[in-house]
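First chain written, first letter: the chains are A, B, C, D, E, F and G, and each begins at residue 1.
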Amino acid sequence: MQMLYISLALFLLANLAVGMWRVLRGPGVADRMLAAQLFGTTAVAILLLLAEAAKSNALRDVALVFALLAAVTAVAFVKRAWSMPEARDID
Amino acid sequence: MEALDFALGLFDILLVFLVLSLAWLVMSSEDLFRAIVLFVAFGLLMALVWVRLEAPDIALAEAAIGAGLTGALMMAALDRLSSVKPIQKVAASAQRKQLSLSSKVLPLIALVLIVLGLGYALLSLPEIADGLTPNVKENMAQSGVKNPVTAVLLNFRGYDTLLEMVVLLLALLSVWSLGGERKLSPRSTNPILGSLCRVLVPVLILVSCYLLWVGADAPGGAFQAGSVLGAAGVLLLLSGWHVEQKYLLWPLRFILILGSGVFIIMAAVLLLIQGGLLTYPVAQAGWMILLLESAATLSIGATLAALFLGGVPKSRVDQ
Amino acid sequence: MNSPMIYALLGITLFSVGLYGLIVREHLLRKILALNIMGSGIFLMLVALGKRSAGELPDPVPHAMVITGIVVAVSATALALTLMLKLVEASGSAVLHDAPKDRS
Amino acid sequence: MSWIKGIIPMFMKVLVFALVWWVMTNGALQSWLIGGGAIVLATLAAKKPATHFTIRYFKLVMLIPFFLKQSILGGVDVARRALQPSMPIDPILVECPLRLPPGSPQVFMTNMVSLLPGTLSATLENNRLKMHVLDQQSSYMKDYLLLEEKVAELFSVPVQNTGAGELL
Amino acid sequence: MNWHAWIPLFVVVSSLLPGLIIFGLPEERVGWRTLLNLTGAVIKLLLVSWMIWGVYQGDHFETRLALLPDLDLVLRAGPLSLFFVALSTILWLVTTVYAIGYLEGSPNRSRFFGFFSLCVTATVGVALAGNLITFLLFYELLTLATYPLIVHRGTDTARRAGQTYLRYTIFGGALILLGTVWLYQLTGTLEFTPRGFLSQIDPQHYPALKIIFALLIAGLGVKAALFPLHGWLPQAMVAPAPVSALLHAVAVVKAGAFGIVRVIYDVFGVEFSADLGVTTPLAWIAAFTIIYGSLRALFQDDLKRRLAFSTVSQVSYIALGVAIAGPIATIGGVVHLVHQGLMKITLFFCAGNLAETLGIHKVSEMNGVGRRMPWTMAAFTIGALGMIGAPPVAGFISKWYLGVGALEAGQDWVLLVLMGSSLLNCAYFLPILYSAWFKPTPKSWPEEHHFGRQETAWALLLPPLITALMALAAGLLTGLPFSPLEWAKIIAEREFYQP
Amino acid sequence: MGDLLTDAHWGVLLILLPLFGGLCSFLWPSAVKFIGLATVSAVALSVVGLGDQLLATGVYHHAVGGWGAPLGIDLYADGLSLFMLMVTALVGLGVSIYALDYFDQDEARRFWPLWLLLLGGLNALFLSADIFNLYVTLEIVGLAGVGLASLSGGGAALDGAMRYLMATLLGSLCYLLGVALLYHSAGTVDIPLLAERLESTPPVWAALGLICAGLALKTALFPLHFWLPKAHASASAPVSALLSALVVKASFYIFLRLWLEIFSVRTEGVDDLLGALGMAAIIWGSLQALQQTRLKLMIAYSTVSQVGYLFLVFPLAAIGTFSAWSAVAYLVLSHALAKSAMFLVAGNLMHFGGHDRIADLDRAVQRLPITVGAFALAGVSIMGLPPSGGFIGKWLLLNEALNQGRWDLVFVMMIGGVLAAAYIFKVLGFAFTQAPVTHEPKGVPAVMEWSALLLAVAAIVVGFLASPLMLILGIGETVELMGAGQ
Amino acid sequence: MIDFFSMLFLLAGALFFLAGTVGLLRFPDLYTRLHALTKADNVGLGLMITGLALQAESLSVAGKLVLIWGLVLLAGASVAYLIARGALLRGVLPWKR
């Protein structure tokens, strides 16, 4: 099982690396933000996998905090950062 | 076992590559928002790095701050920046032209040299070094807690933490001394946001308390708890939070200084009783540390939320 | 080379990348980001090298240093951001100009 | 008897938070010293919504299988569309009247819609919900109406029959 | 309590304290200011007299305060110190009286008299300094205290003159500082010692010592107005007349000249300096300055400017006297310290009187002024004749001893210089005297003020008369025990004949 | 009673008192002035207490938490610490008194908490024997400095504060990286233990470079001074005084302390580089000061040049004598006093005339004789003219430079002094002109004039106190270390 | 047996994550990408959590996993709504075939 956890974690990390393309590409701010949200969810999964691999409760706490804080960032984005016109940053 | 190590090694290398390229992209992005989002992602991955380095305490703090609060802070700043000056992009591209080749290439060479030099220095460090691990282990029994990181933070090097609390307060004082009051934003009319906050805020508070409690025995502690509490505050501020003006004067200030204040008073009392700065009696160390941590959590949370607001808070309803 | 060392090297590279950004990039927000990246790099190095201990546990002292460091970094960042906003309000530019400007 | 009506939701909140605490602390006994205070704080922080609805907890439990099924279907649906080389999507923005009263029922409904296969709620205004639909050929409306009824049952409110016909 | 250990300090404080109090006095408290000034001056005079009497009997006056771990602040009353202290003290009293009269009704008098007192304090400190660092301390203080006096009038020319003065003196101060530190580095002491404290030094340091000598002399030469460092002095004559008197006769120029004497006598030692071969170049420079100053004076129409260049020339007699490195020439040089002071202060007082009373600033306006202001011009005449070196005025004594000393030291060329300079002195002073006394009086003066029946105010008239009389007395009564000449002889003896 | 006084934990009090005062003043804004002045006075008294204690017992040593190095943090005070604490208390007291009348109630509410916390941070810094703890104190000092620098508001102040913030954060980070390297090289952050354990290895060299660079940036050593002039010139007067007199010195103190105890034997070449930068700073700073048209900018550039003098000690101290170190300590003291006085003077002039354009200062200069007197006296010390503290420092330094045949240093010091005279008299000259330009005069409170004068007089008076001050400076082990390089 | 099921769940979860990422990259506009994010990833996480919960050493650990999932779900749905609403308000037009 250990091997599976680690391999899956690796797979998810690779997944995340691919998702970075969306952050870079945009085109809108919201698209980038979406990708960041994806990162958050993926990171929670990776953390839980690593936690299970290490039988570490602390890592689950990290995942919990992650899950909560990702929402805070997103709300901050919606409420604050997204006030500029969408056409602003088309590369 | 070999395969496992190989997979972990691959994981490490991919993670290092990702973190590094994120950092580079943050620096090279012309678009500010893109840089910020990349930075948030950078924080996320840093938390994973901490996990890989067997530093769950830091991973918790990074998860709350690096991946959460800093991003929120930056986005809020960007928002206000663009409200002052709507066309950031023009200014940015205008500056791009001014940057000559030499002003970019020379620092780049310097960068490579620094990396090489420091890398050489690192590689010439001894392979195995215990640092202070044996000293910490030896004295854990007298520290009053079971989590070595908490023992270092609140007991062995508690004086540093006292001063760090002052640093935190100073950052806020400096922000406030910049002048300008910030009115609390009006209550959001968005029902979805409202209900999200209604759920998240209590959970954040619970998690904060949990981290505070668990810090004595396992990863967690005042700083992580405070950061999560701060996140709750930020969420409340974002969703519109009505606080009466009278609470924003000295009750708020009281909470803000509670952490450093209790620390200082505790230090002074222990100086009188034990004859040493922050010298806890072994039997009482546990609850004293918990008391300090509780006060610190409240202060950290309040300070971070107030920092997010970025000015002296003012109730929306004034007379 | 073991994995802590890789992370330590990552740490100094982050430090340098941040330094590069701090020097080359002009917008203050990016300078603030650069400082944060530099800080992360240092923290990383501090902790990664703490994993060299012979025992099963990594050195907790750097961990403690870094935790306070992270909280201080965020507060300094908040201060820097607020200062930047105030500066932009006052001068209309998020770039520090070196040209002598007589603002009386 | 009205005070009991006020107590029950409070009691439920405490119960839920206690459960969360228990889960987080792995049931450590000493933790309740702080846990008690934490739960009180959390309960205080959990603000009451503007209008109160009685939740039928039994219905809530019964909703779980439905929800799980729907969300898995939704996941499968979107995964299929994403992974197929032809990428069979035909999105459209539709606006439906919500037959639920404002407040928790509408919020609950809105969030659930996003987890249904092929729909994503986008704007909730004046009792109308704007949805983004991934494939206009799919039978999203049926799921929508079914969900609406289930939510109405959960909050024990009637489905107001206002202009539902205009869509069908 | 040993009073002797404190008297030198009291001498310094006796003008410092009134000065500081005067700064705080409101402008209109004329009475208090005058009282403070005069009290200070009189107390200083009494203390100095006590010391003179004491030293004459072989007493030892020395104040020693720790400045640095191995370096003290030393104020010591030796014959040479007292010689200069006595001059400044007496002339301060006289000049104060004159200044009170001169500045009556003009603005910023508190400031003026405050700095005036500080200036004297610094001068007395320079005189009493018992080692080089103490000397340096007061020497720099003198610079700082004089600057406000030079720019006192606040006009653009005054400020420019002040800046020139500072440029020269700060630079000079830096040179002295460098020389002093270096010297301290080589010897580990800076204590003024008769016949110098360097003769035991390792010969390998001789080149360094030469440079140190050059540094010190150059630094002092700025204030002593040695060519080519004299440029500030003629410009500084824009200052009010009492200041010019102070600069030229009492404080600044004298401090420089006195410093040269100190360095050659008590740091290097005359014989050692001569062995080192540094005195001859100094003598040449001094000689050149004498001629050059006289020549420049010849072509000045502005009276004070002419007097200023005359100072450039006259002060170099002092340097010349000590640089000749013989006992008799030494007497001539040292005694000229006092003689030149008495004569030059007289001349500046008179020039001031002319300017204040009649508005005369130029030589060409002086026709017949002797009949309008006979007393003033009488004093002026005594001063001028003294400068020329005509007996029986004091200047004659100086020149006599210088000439004889030069012959004795085998430096015959000095006689030529002396003669040439005297001739030039005649050339620029005699025409003034001629036109003042013998040319017809013009119908009106440029800007005439009337002072009742006197030719001018008492406070303005008395000081030049007193100083002129003193200059005369110094020439006539050379044999009296406390005459300048006698003291100069004591000083020279100490340098040359004591073991 | 005597025992009580010598046994009391003055060192700890010096840290806790101002921090507590800072918190109180934040909590009770209406009483800030009272709390502030009381705290600063109490701190000054505690410094006296600590001095008394040190004279009796040698060094002060306190293991925080009872753990002791390497696990815990040690507080440590010797002559050098005491000296710096004294400088801080003196300047702090002067500036505090000045600030009583300078700030209106609203500004005072913001000023005092920041200043008291800054004071606490400075004291903690001077008392620390732990390089990580020093980092934390540096952060306190830096952030408080930024807060103070931005206090006066307005574009220029914000611009200056921003530069300062960037510089101080960057400096801290470099320092921290150095600390990290040292910790991992020696397994401790305690200074005495580091001194025992460190060897000349690449990581130690890297740490030396980073720490030096970071601290040089914070100390504004040329060419890393770019942030200083604007930051110091645009802040309000008492703040400029504190920043120039104390904050810059704090990082220099760490520099000095680490150099003395950790790096001294491992540094061929670095010391000459520092010396060269110091020389460049003197010349460049003075020339810049000479060109400024604004008084405060001129004073700020003067700080750049005066900082240069401090760094001349490093090439000289390679051979290691007490007099070189005491020279630099003396320069720190006299510059702190003189420079704070100068900035306060600038504050008075601006208060009076509303501007600080040097060319138009004449009327203000004439109407404020006490203020101008203060400027002149402070100037004497800055120029290094006798009799003043600056002169003694310069004398000792020159002496040492000549002793080692460092003519380059001698030459630069001479030039620096002359240039300093040039820019100071550029201002002083106005005291004597009849000004055609009139200002709308606003009366300057006597407290503001006299506190500036007192600081300036102190800068002169310390010129006569060399012996007792050297005695203080010589307390403790540092002396041995100072002489040990021989 | 448990291992087998949890492995199944985990692999399925990973597949959904992959689908989510592919969707994020391939889908043509913001709204469609939101679909991918809210549904595929949440289901992926849910499946993974189920797989891990099967392995959990105690009920409370499983409970914590479920709690995390619940929070992610709630946040995901709410954030998706907020973003979609924001985009509509700012006039971002949906892509049409």
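Operating definition for what follows: a contact is a pair of C-beta atoms (placed from the backbone, for glycine too) under 8 Å apart; a residue touches a chain by one contact, two chains touch by 3 or more.
Just so we're on the same page, UniProt names per chain: A = pH regulation protein F; E = Monovalent cation/H+ antiporter subunit D family protein; F = Oxidoreductase.
In this text, all values refer to a predicted model and were calculated from it rather than measured experimentally.
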**Item:** Farthest chain (mean CA position) relative to chain D
**Value:** E
**Fill in**
Ranking B-F and B-D by C-beta pairs in contact puts on top B-F
**Message:** Which chain is most central here if centres come from C-alpha coordinates alone?
**Reply:** F
**Asked** So, what's the distance in Å between the C-alpha centres of chain F (Oxidoreductase) and chain D?
**Response** 63
**Distance between chain centroids, defined by C-alpha means - chain B, chain G (Å)** = 27
**Message:** Rounded to a whole Å, what is the gap between the Cα centroids of chain A (pH regulation protein F) and chain E?
**Reply:** 87
**Message:** Centroid of chain E to centroid of chain F (Oxidoreductase), CA atoms only: how many Å?
**Reply:** 43
**Message:** Where in chain E do residues touch at least two different other chains?
**Reply:** none
**Complete:** Where chain C touches two or more other chains simultaneously, the residues are 12, 15, 19, 45, 49-50, 52, 61-62, 65, 68, 72, 75-76, 79, 83-84, 86
**Request:** Mind pulling the residue numbers of chain F (Oxidoreductase) that touch at least two other chains?
**Result:** 132, 136, 139, 143, 146-147, 150, 158, 183-184
**Item:** chain F (Oxidoreductase) residues touching chain E - in the complex, by the definition given at the top
**Value:** 369, 373, 376, 380, 383, 385-387, 391-392, 395-396, 398-399, 402-403, 410, 414, 417-418, 421-422, 425, 429, 431-434, 463-464, 466-467, 470
**Complete:** Note: in the complex, chain D contacts chain G through residues 19-20, 22-27, 71-72, 74-83, 87, 89-93, 110-112, 114-115, 117-118, 120-124, 130, 132, 134
**Message:** Which residues of chain F (Oxidoreductase) touch chain C once you look at their complex with the stated criterion?
**Reply:** 132, 136, 139, 143, 146-147, 150, 154-156, 158-159, 161-163, 165-166, 169-170, 173, 176-177, 180, 183-184, 355, 357
**Prompt:** Where on chain A (pH regulation protein F) does chain G make contact in their complex?
**Reply:** 1, 4-5, 8, 11-12, 15-16, 18-19, 21-22, 28, 30-31, 33-35, 37-38, 41-42, 44-45, 48-49, 52, 55, 57, 60, 63-64, 67-68, 70-71, 74-75, 78, 82, 85-86
**Item:** Complex contact set, residues of chain B against chain G
**Value:** 190, 192-193, 195-196, 199-200, 203
